[in-house]
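Two complexes come next, and they have one chain in common, subunit A, joined by subunit B in the first and subunit C in the second.
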Partner chain A sequence: MISVHRIRPIIRKEFRQIMRDRRSLGVLLVVPAFMLIMFGYALNYDVQHIPLAVYDQDRSTMSREFIQQFIHSEYFDFAGSISSEQEIDTVIPSQKARVVVVIPPRFSEDLLANRSVSIQVLVDGANATTAATAAGYLVAMTQDYSTNISLQALQRFGMSKPTLPIDYRPRIWFNPELKSAKFMVPGLIGFILMMSTVVSTSLSIVREREKGTIEQISVSPIHPMELLVGKTMPYVLISLIATVLILITGYALFNVVVRGSMLLLFLETLIFTFCGLGLGMWVSTVANKQDEAFQLATLVSFLPTFMLSGFAFPIANMPKVIQWITFINPARYFLFILRSIILKGVGLSALWQETLFMTLFALGITAISWNKMRKSVFRV
Partner chain B sequence: MIDPSNTAIAINGLKKSFEETEAVRGVNLTISKGEMFGLVGPDGAGKTTLIRMLCGILVPTEGNATILGYDLATELNSIKPKIGYLSQRFSLYPDLSIDENIEFFAEIHEVKGYEARRNELLEFTRLTPFRDRLADKLSGGMKQKLALAATLIHKPEIIFLDEPTTGVDPVSRREFWKILSSLLEEGITILMATPYLDEAERCSRVGLMSNGQILLADTPQQVKRQMKGSVLEVIPSNLNKATDTLKKYSEVIEVQTFGDRINVVVEGNVAADTLTGWLSKAGVETKMIRNIQPSLENVFIALLRERSEEEPAHA
Partner chain C sequence: MRTLLHMLRKEFLQLRRDPRIVQLILIGPIAQLLLFGYAINMDVNTVPVVVCDMDHSIESHDLIARFSNSGYFPIVGYVDKLSDVDPYIDRSKASLALIIPENFGRDIKRNASVPLPVIVDGSESNSASVGLNYAGAIIAGYSQNILVQNFSRRGFGGLHPIQVIPEVRVWYNPELKSRNFLVPGILGTLLLQATVLLTALAIVKEKESGTMEQLIVTPIKPYQIIIGKLAPFFIIGAIDIVLAIAGTTIVLGIPVRGSIWLLGGLSLLFIMTTLGLGLFVSTVSQTQQQAMMTTIFFLIMPMNFLSGFIFPIENMPKIIQYVTYLLPLRYFFEIIRDVFLRGVGFDVLWPQALALFIFGVCILTLASLRFRKKLA
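This part shows the complex of A and B:
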């Protein structure tokens, strides 16, 4: 019944139309890599080079040493010294500094006398994320310094080899520098694949209906399944090429290396692409015009893939109800799978559950759409 | 009565409803092989719906048809390779060239070695010089000829044409008709819907469709004989006054206006002199008056009016 001889001309025709429409082809291939560059550099959660001003009322060797440890780290940049209380009120609003460290007059004297010293730290809270991170760094570094002083003091009192009860040494695996880009690349692949497959599939089907060409095809011996396979195949191929381009860009600019199996990555990508195609088919059964299809396709692909997949916001932080919704979101599984393969090098044995869910979604949405389409594509 | 082996299309009580409206309300019609059947009627008469059902695009609500001996409801797959359909609006790919469009339709119909047939069709439709041009860049007439060429690539035995010359310039129209005549010589059966009565006049048979039904189907000559009374063509000095005056006489069945002249349909043997007398009594001068052969248009307008008087409830 289904004949390759009749699918081939449809694929060829579709490719001809895609190649002729250079702008759309460019959107499908180049925009993903471009988006990666944009997101990779702009959507950066890493906080570095925070301008830090100092009001050093002690002006001792010890106070300078204390401040040096902040400034010598990559997190803070020295933004100048302050000489009066009044000046503190101006440096933060004028954006000269986002953090001010105030050292009390008898800083070194008190420390040497083994008395506790209070350090005042002012943080600009206008950007909550940066403020929280900066405060965290400051606390950690101050504690480090203060521990060192205690240890030195103990040594001076005659303890030979002082030990701390707990030596806290965190090690972050898979992304030791906690680079956002490494985390972004897998998310972007999912996001871009979903957008491009849903939009292009739905548009290409709705266009045939809008132009009336579907009628000419429907009076030919073409089976609806042949038409559908022929029309979607080119977009599967283009999506895979776009994935390769994203991976190359990710490697070249952000040093993201695929640690796991490339073959597995492509198989998973293929399954995910079918989720997108199914969703695109569904959109085409609902929308009658190309602009309607475009809007609906963007909505159903953008929202779940960006918001509910763990790409923009961690799923663990979402309310329970929304967490439940994410279970029917294929992007959720795909992102998990991609991160596991790219960053951790995990194999199928650890990912079979996610793969299964994603496959079920692909089959389910295709079956639903196919059922709706079979009645509406050709016959009214 | 009808030789089944010679029947191209046999329509049996075909009906189609869309939600509230009944577009086709019971059509019975038999079209022989090699015939050119013209379907005429006002907009919304159900011509397009009927054609689309016969092509398998729409599923009939009731009734059935056989096409080339195959059952439309159950043997559509055997019918499809043998028919061609040209829809009302241009429905080929605007971003593909003439050659590519024809190639596509040849291949989905699994036509082997279509190149020779394509050259022949392009020659036939005089599109050869434009074969690399994108369909979008063609004129209306050329588009229609391309669509016809694509429809003919798989050598269908029946072609369904839905107002193929609407919006086509007169020269291209004439060319299009030349092509259709040579197709008929090859033995192809043509069913076409047309809004032009001069086109209908050239068909071997015409069917008048109105309100989802075929009111009559016969050769153009026979249809004209259905006309009750005779037709007089008059050029009066005052068109409106003449029309109003003549309508008062019971012998006058109908007055139809055609530009500066009126066609007066009269009962039996009302002579030209009688008519001139009536007009001059009302102060209207008769510049010209003659007896004319009723045209298809006269007949159809008369028939449609008769119908609407019979069943005015139809809206």
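This part shows the complex of A and C:
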């Protein structure tokens, strides 16, 4: 009953329509590239060059050495010396400094007498993420300094060449340079796929209905299923091409290598694309006009994929109720799968649960939408 | 003046007759505010740890206790074999693995420089770097203690580990809640979305259905059409401001240090720029779809990403940092955060307000000129 002969012309027609609408085509191709470059180069949480001011009440060689280690690192920039308590109250609000280190008057005296010293560190916590990272660096560097001082003290006590008993060897897996771009690129694929499939599918169906051309088609011998397949195939194809483009650019620009199986990645992407198509179909059954379709499509694709998938905000941090909601969000599974395959090289054996849930979502949403569509769109 | 009033009446009537639009204007923003408000959270509270203890000595237990007592590293699993660590990291159950080799306790007492591997899942770079630093500090502190103990056991009494103890005090946001920083920003993105898109659509819709031509042949002057078109959305924007500020503070419980009135006033200034942008989009778009695509992909998305809503501007390359000076949302985010978190007043915020004002005047003038030319 369903014939490829009748589907092919629909696909051709849809492609022609896409090609004629230059701006929309541009959006489908340019936006992924733009976002990729943005996320690779501009958008990151890689905290560096935090302005640091010093209130050195000791003014000794040791206190200067202590400060030097911060300033010589790439994480902190020297933002000036302070000479009074009151000045602290101006440098932080004016954002001249994000961190102020206060060294007490007897800093070197105490250390040389083998006594521990407290120093005060004031951190501008307005941006909590930056502040937490800055505090982490400060704590680690201060500990390094303490260790050195202890070693020096032992030497003064007569121990020759004291060494630390533990050799801390951090190994960073998957992303040794700790670049957030590596985390973002896989997320971006999911984001772009979802946006483009839902928005373009729903718009292409609603447009046809708005103009009344769908009625012409429904009186023609074309089966609704054929129409649907014909209308969605081009977008599946474009989405897959976009995925490949993102992977290539991700590799060329940010050295993001797919560690796992390409075939698995392809299959998972295909399943996810069907989730997007199903959602797009659903939107087209609810919305009557193009602007409604567009708003609804961005609402159901953009928001969950951006907010509730772990794209930028960890799901584990969300309140329980919202965590439950994320379980019906296919992007949640897809992003996890993508990151696992691309960054960690994990295989299907570790990902079957996510794959199963995503497949169920794809089948469920397509079935629901198809049913609604038959009634509302084609009135069969 | 009377023509203007008629024009305004027509616009409001049109808006009122469109039930879905009102839904999108009021319910959409509230739903988004709540969703964003509860979901946005990037706190690096804890780094889950899996421990592979192959030593089971007092020393290894001691070190593990230091991790679990830090409050930073909840221990999610203990394994005996190195190969059992992988599933934890692969499935993202743990982000850090502490591997204590055999004879660890015996060897460190001999000052043997025992290697202590710590595996960190770097894919989430932010929490990885924080975890790495704290783990390093805990291990170094422990290491130093052992060293001094070893030393004093050999007869050198009276030496204690010397520590420089950083007492970290955090200003403005002492619990380091990322929500306090991120959630107020929603006001900016909501206003941008609601006003630019709706304004552009309202005008393009009229173009598409051909009624704009009817308006042109009436004696209504172009500026009156513009005012008539923009006024309803100005009011909608104002309602959204009240809703968003009330929602952020009352429902979501984000504290405000500064003046809400100042924030409200400057938000109105911001709407002026977004209405201008909406009008501008309508002059470059023929169809509703074009208007939507242009607004979402060329205005809203880049602006949201580049204005420092989530990703700090100071982390961006210098060139892009200069580009951000052209985005009104950037100034508005600074205003929102300064009012909410730092509690500063107009004496500090006037440059941002001035920037918004200049941008608003420019874009409104430019868009109006284009609009009139199109009409003529």
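Simple rule for what comes next: the second predicted complex is superposed on the first by the 349 of 380 C-alpha atoms of A that agree within 3 Å, B and C clash if a C-alpha of one lies under 4 Å from a C-alpha of the other, contacts with A are read in each partner's own complex, and residues count from 1 in each chain.
The working rule: a contact is a pair of C-beta atoms (placed from the backbone, for glycine too) under 8 Å apart; a residue touches a chain by one contact, two chains touch by 3 or more.
Predicted model, so just to flag it, every value in this text is computed and none were measured.
On the superposed subunit A, the positions of subunit B and subunit C stay apart, so the two partners fit side by side. Contact with subunit B, but none with subunit C, is seen for A:212 once the two complexes are overlaid on the shared chain.
Of the two partners subunit B and subunit C, it is C that touches the larger number of subunit A residues. In the superposition on chain A, no contact is made by A:65 with either subunit B or subunit C. In the superposed pair of complexes, A:85 makes contact with neither subunit B nor subunit C. Put simply, if you stand at the Cα centre of subunit A and look at the Cα centres of subunit B and subunit C, the angle between them is 90 degrees to the nearest 10.
In the superposed model, A:220 makes contact with subunit B only, not with subunit C. Once the two complexes are overlaid on the shared chain, A:322 sits against subunit C while remaining clear of subunit B. When the two complexes are overlaid on their common chain A, residue A:159 makes contact with subunit C while staying clear of subunit B.
In the overlay built on the shared chain, the residue A:13 is in contact with subunit B alone; subunit C does not reach it. Our summary of the superposed model lists a minimum C-alpha distance of 13 Å between subunit B and subunit C. Subunit A residues in contact with subunit B (one complex) as well as with subunit C (other complex) are 21.
Those residues of subunit A whose C-beta lies close enough to touch subunit C in the complex are 21, 23-24, 27, 31, 34-35, 38, 41-49, 66, 92-94, 111, 114-133, 135-140, 142-147, 149-151, 153-154, 157-159, 162-180, 182-183, 203, 207, 290-292, 294-295, 298-299, 303, 307-308, 312-314, 317-319, 321-322, 336, 339-340, 343-344, 346, 350. Listing the residues of subunit C that touch subunit A in their complex gives 20, 24, 28, 32, 35-36, 38-45, 87, 89-92, 107-130, 132-137, 139-144, 146-148, 150-151, 156, 159-174, 176-178, 180-181, 197, 201, 205, 288-290, 292-294, 296-297, 301-302, 305-306, 310-312, 314-317, 320, 337, 341-342, 344, 348.
In the complex of the two chains, the subunit B residues touching subunit A come out as 52, 55-59, 77, 80-81, 83-85, 87, 89-96, 100, 103-105, 107-110, 150. In the complex of the two chains, the subunit A residues touching subunit B come out as 3, 5-6, 8-10, 12-13, 16-17, 20-21, 211-213, 215-222, 378-380.
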